[in-house]
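Following are the structures in question.
Next come two complexes, and both contain chain A; in the first it sits with chain B, in the second with chain C.
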Partner chain A sequence: MSPIMRFILRRVGFLFLTFIVFMLIIFALPRAIPGNPLSTLLSQLFQQAQANPELIKAVYKRLMDEFGVGKPVHIQFIDFISRTLRGDLGTSIAFYPRKVGEIVAAYLPWSLGLLIPATLTSWIIGNSLGALAGYKRKSAVDNLMLPVFLTLSQTPYYWLAMILLYVFAVNLGVFPIGGAYSSGRIPSLTFEFIADVLSHYILPFLSIVLSAMGGWAIGMRVMVIYELGADYINYADSLGLPDRKLLRYVFKNSMLPQITGLALSFGTILGGSLITELVFNYPGTGYLLFRAISTLDYPLIQGVFILLISTLLLANLIVDFVYAYIDPRIRTGYLGE
Partner chain B sequence: MVSQLIRDLLRIKKFDLSVAIFSSILIIGLVGPIVYEVDPVKMIGPPEQPPSEKYPLGTDSYGRDLLAQLLHGIRNSIYIGLTAAAISLAIGVTIGALSGYRGGVADSSLMLITDVVYALPSIMLMMLIAAYLKERNPIFVALVIGVTSWPWVARAVRSQMLSLKSRDFIYMSRMAGLSDIKIIFEDLIPNMASYIFMAFVLLMSGAMIAEAGLSMIGLGVTRGVSLGIILYWAQLLESVRRGIWWWFIPPGACLVALATSLLLLSTALDEYFSPRLRGG
Partner chain C sequence: MSLLEAEHVKAYYRVREGFVKAVDDVSLHLDRGVIMGLAGESGCGKSTLVNTLMLNIRPPLYLIDGRITLDGNLLSKMDKQTLKKKVWGVLVSIVPQSALNALMPTQKIIDLIKDIVHAHTDISDSEIVSMSRRRFEELNLPVEALNMYPHELSGGMRQRAVIAISTLLNPKLLIVDEPTSALDVSTQKQVLKLLVDLRKAKIIESMIFVTHDIAVLRQIADRIAIMYAGKIVESASTDDILYNSKHPYTYGLINAVVTPEPEVRKRGLISIPGEPPNLLKPPSGCRFHPRCPYAMDICRREEPPLVEVGEGWTVACHLVASGRR
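Right, the complex of A and B next:
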């Protein structure tokens, strides 16, 4: 087996294990927390049965069924996993009788459409600026950029979003004040509709890019400073290699940890962008999650998390592929993991 | 030795600046609520008043005093940050130290657990756990943040441990027949003190930001005020679209200042302790 294959297989195994552990957490939480939220929910529903007996009884029965109340725990867990793997995420309570999978599927594209471009853009800009600051360290450029990066990296996306929204949409009126497209418009592939979507997209996109950028820049700056002081650079420099060539070496070596970092920070960025959606009333999963939380719709909460985590683990796998392709140590089997 | 260390540190501008910012906000949070005796959750005046002499930071939609909320919010946010950081640190250092010192099966199984938790975004785990808690007091919130944020600390402590444990003084302790626990806690961990302190500082800033995030999605403390809770109320009642800037700007600015000062502090310590970053 080639070293690359071995690396990828090991990563697939690891990510699958992570997924199972995550499912175990999702499964155990409602059953383990004192006061058992599940039984509270069920008894609440039961008490409301007088108001609308038929509907509530149907919901109640469905919930009992889906949570496998009364069956042994290990059977419940196996049922849960196998249903999830078949794509059945259960039935929503607040949107009864709609299926959770179907509801989340309507919201997920908006979130991913915001998250993926914003993450990649912030990664590219942040790393380039960070490399520049590291290369010109202690210069005016570095002294100006570093405090900005430090502050941006600690600024919650949604707070920056609030400020951008206040300045550019509320005060200056340059951008719309929320949503993904103007109300009344019907989604279509016309130029007008796309332009409308873009004008709604810019502020949420900018809030994520700007605040995520800081962290990348700080990491890259430190990495470049370390690499510039490394023996191989001193040696290459003493041989009289041109600066451009040295910089290419430095950049390549500093890049690798940043690619691993990309996989690790998807989750954090996703968490932040979910809340940013709230600020803009953006119809993504963050907005859906907020509604699910405020109505205690546990099947929907679970479903949102299962789909988000699956997406993240998949993204991790893609980053692994890229990493295996770029890092020569994996190609030659020098590095085990 | 300690006074020499402090004298050296005080010479670093970043260190001075970060300590100054952090401690002034801390003091405001500690002393503020005692000096400014207004109930943060009681209606005390007309709603949505801009800052004035009577209401220094204005009032919210329920006519509650926003300065009082901010003072109590700072206090609670720092409290949650400190507690959560202490919990994470305890878990992370224990796992990392055991893993690095023992090696072998213990190491690989502990690191597997760490990697699995690391691969699951902590903010999502926090939301998931908090969603099932009906009553959330500050301790619960700190606990939820603490038990999900430790993996990177465990990894970092483990690698420090690996490089420390082959030093001569550890062999001496071992030859003297000291127990593993004793060696870990009396020889190894004190030698990582500066490193552990930096981890604590970073954990704390992360925890305060996490608290705000949890609050924003509707999973913050259920009673009392924190910086995140003020932002949550401001968001819920559309303060941004209605132009009530005095509601959402101060709590966010305090949060950013607190978190940035802590990051700056850890950067300053990092530069002090690793000469490659310090040099010209």
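Right, the complex of A and C next:
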């Protein structure tokens, strides 16, 4: 077997194990929250069907069967695993009778549409500014930028979101207060609708870009300063390599950890932006997860978590490959055993 | 005719408390075809001196004073861009102390070579490849190393690759800074042989070899300069330094080294008491006087002049200046 195949198999095998452990946690945690998820649903049904107690009994029995709540826990878990692996995330309790997969699919595009561009933008801007500050270390530019980076990186993103909302939406009224588009509008590909979506988009987008940017910039600045003082740079300098070549070396090596960071943050953005979506009432997966938890909707909670964790694991896997591709030292470490 | 001429060079590190006088009024000249050893304890300014000689200095190190001429070029007046384009890598190259980490880690050796050659000349990539292959073969280095990454090479191999890369454009002067310190004895031998071969093949003319290991210099150097606390205290042919040294410090340094001579076996090793001074506040007069067994009154007051005691043999010591030794 070629070393590359062995490397891939080992990674994927490890990924599968991790996934099973995650499934156990996903399964156990919601069930640790006190309360019966079916009670709310039942009380609604009860009001509608007061006349017919037989019907309630029948419905209750059907629900218990469908959600498997009455069965022993280990049977529930095995059911859960086998259904998940077949791609069936079950039926939502709060949105009964809609399927979990269908609900998540409706919310997911909003999250991705917000988070991927925002993360990329903050990564690009943060790294560029950080590299500049590191290169011009101790100059006026650096002295000005560093405190800004530090402040931004230490600002809680939800707090920044609330400030932005308060200033630009509540006080100045430049942007709408929340949602992904004005209520009453029907999603379509018209210019008006797109403009409406964009005006709802800017504040949540900015809150993520700004709060994530500082961290990227600080990391990049430190890396650049470290690499600038590295032995290989001094050596290349002493052999007369032009400064732009030296900078290219520095950036190439400084970028390596940042690329890992980017891939990892893609894995965590879906869950990480939960509060941003709550503050802006933005209909993404974070918002959905919040609703699922507050209604104890086990299948929906599990569904959203499975999605989050799958993206995280997938991102990790991609990082491994990307890293091995761009850094020959890592490549040797992976393939050399 | 000398290749390198340094006159009254002062290079200080600027720190909060003042200046660290790592190189203080050093004059030195190096003839063509000569391998000169530069020896001294750690922290005496050896590395600073050789880097200053090629103007390879970065803050907080500054050239305070002095004239440095290499092959007719007045280096001490050149700006960094000119040095990089016309001098470094072409007239003078250095093999740095940290040669094991000196190669760009995420690039193949040959790509680093291409970047270096392109910085000085306009020859094509394929020519650079064949030129590098020829040079590696000539120096008995494995040609495959050119297509490898630095981390794929062993320590000794990396060290030799750095030497080959530094001398690729046939610089007149090669400066090697402690090239053997991090290597085991058999690898040391290979590196020393490589350095000697470079001169034999006329790839380089002269060499300055920095080390704290006098035993290594015996094998390779024509001349030796001894440095103490930022100054050159004695400079002579290797034999004179080893067997007839005039300066008490040189004498102490030689006697602290294990050599196969029977007299050394008889008397054992002698170490120099005390430790090197703080260069932020060097001692008054002769900098060696607090550790010198022969220190006189004048040594505490006046700096000893550099006296010529023979053909190409200079010593800075009051004992010698006053004719007592």
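Definition applied: the second predicted complex is superposed on the first by the 244 of 337 C-alpha atoms of A that agree within 3 Å, B and C clash if a C-alpha of one lies under 4 Å from a C-alpha of the other, contacts with A are read in each partner's own complex, and residues count from 1 in each chain.
Heads up, the rule we're going with is that contacts are C-beta pairs under 8 Å (C-beta built on N, C-alpha and C of every residue); 3 or more make two chains touch, one makes a residue touch a chain.
This is a predicted model, so every value here is computed, not measured.
By the touch criterion defined above, A:Lys245 lies against chain C but remains apart from chain B after alignment on the C-alpha atoms of chain A.
In the superposition on chain A, contact is made by A:Thr332 with chain C only, not with chain B. Of the two partner chains, chain B is the only one that A:Leu308 touches; chain C does not reach it.
Partner contacting the larger number of chain A residues, of chain B and chain C: B. In the superposed model, A:Gly178 lies in contact with chain B only, and not with chain C. Chain contact summary for the complex, chain A toward chain B: residues 14-15, 17-18, 21-22, 25-26, 29-30, 33, 35, 37, 40, 138, 150-151, 153-156, 158-159, 162-163, 165-166, 170-171, 177-178, 222, 225-226, 229, 264, 266-268, 270-272, 274-275, 278-279, 286, 289-290, 293-294, 298, 301, 305, 308-309, 312-313, 316.
Within the complex formed with chain C, the chain A residues making contact are 230-232, 234-242, 245, 249, 252-253, 256, 326-329, 332. The residues of chain B lying in touch with chain A in their complex are 112, 115-116, 118-125, 127-129, 131-134, 205, 209, 212-213, 216-219, 231, 234-235, 240-241, 243, 245, 248-249, 252, 255-256, 259-260, 263-264, 267, 276-277, 279-280. Put simply, chain C touches chain A in their complex at residues 54, 56, 58, 83-85, 87-90, 93-94, 96, 98-99, 101-107, 112, 115-116, 119-120, 149, 151-152, 162, 165-166.
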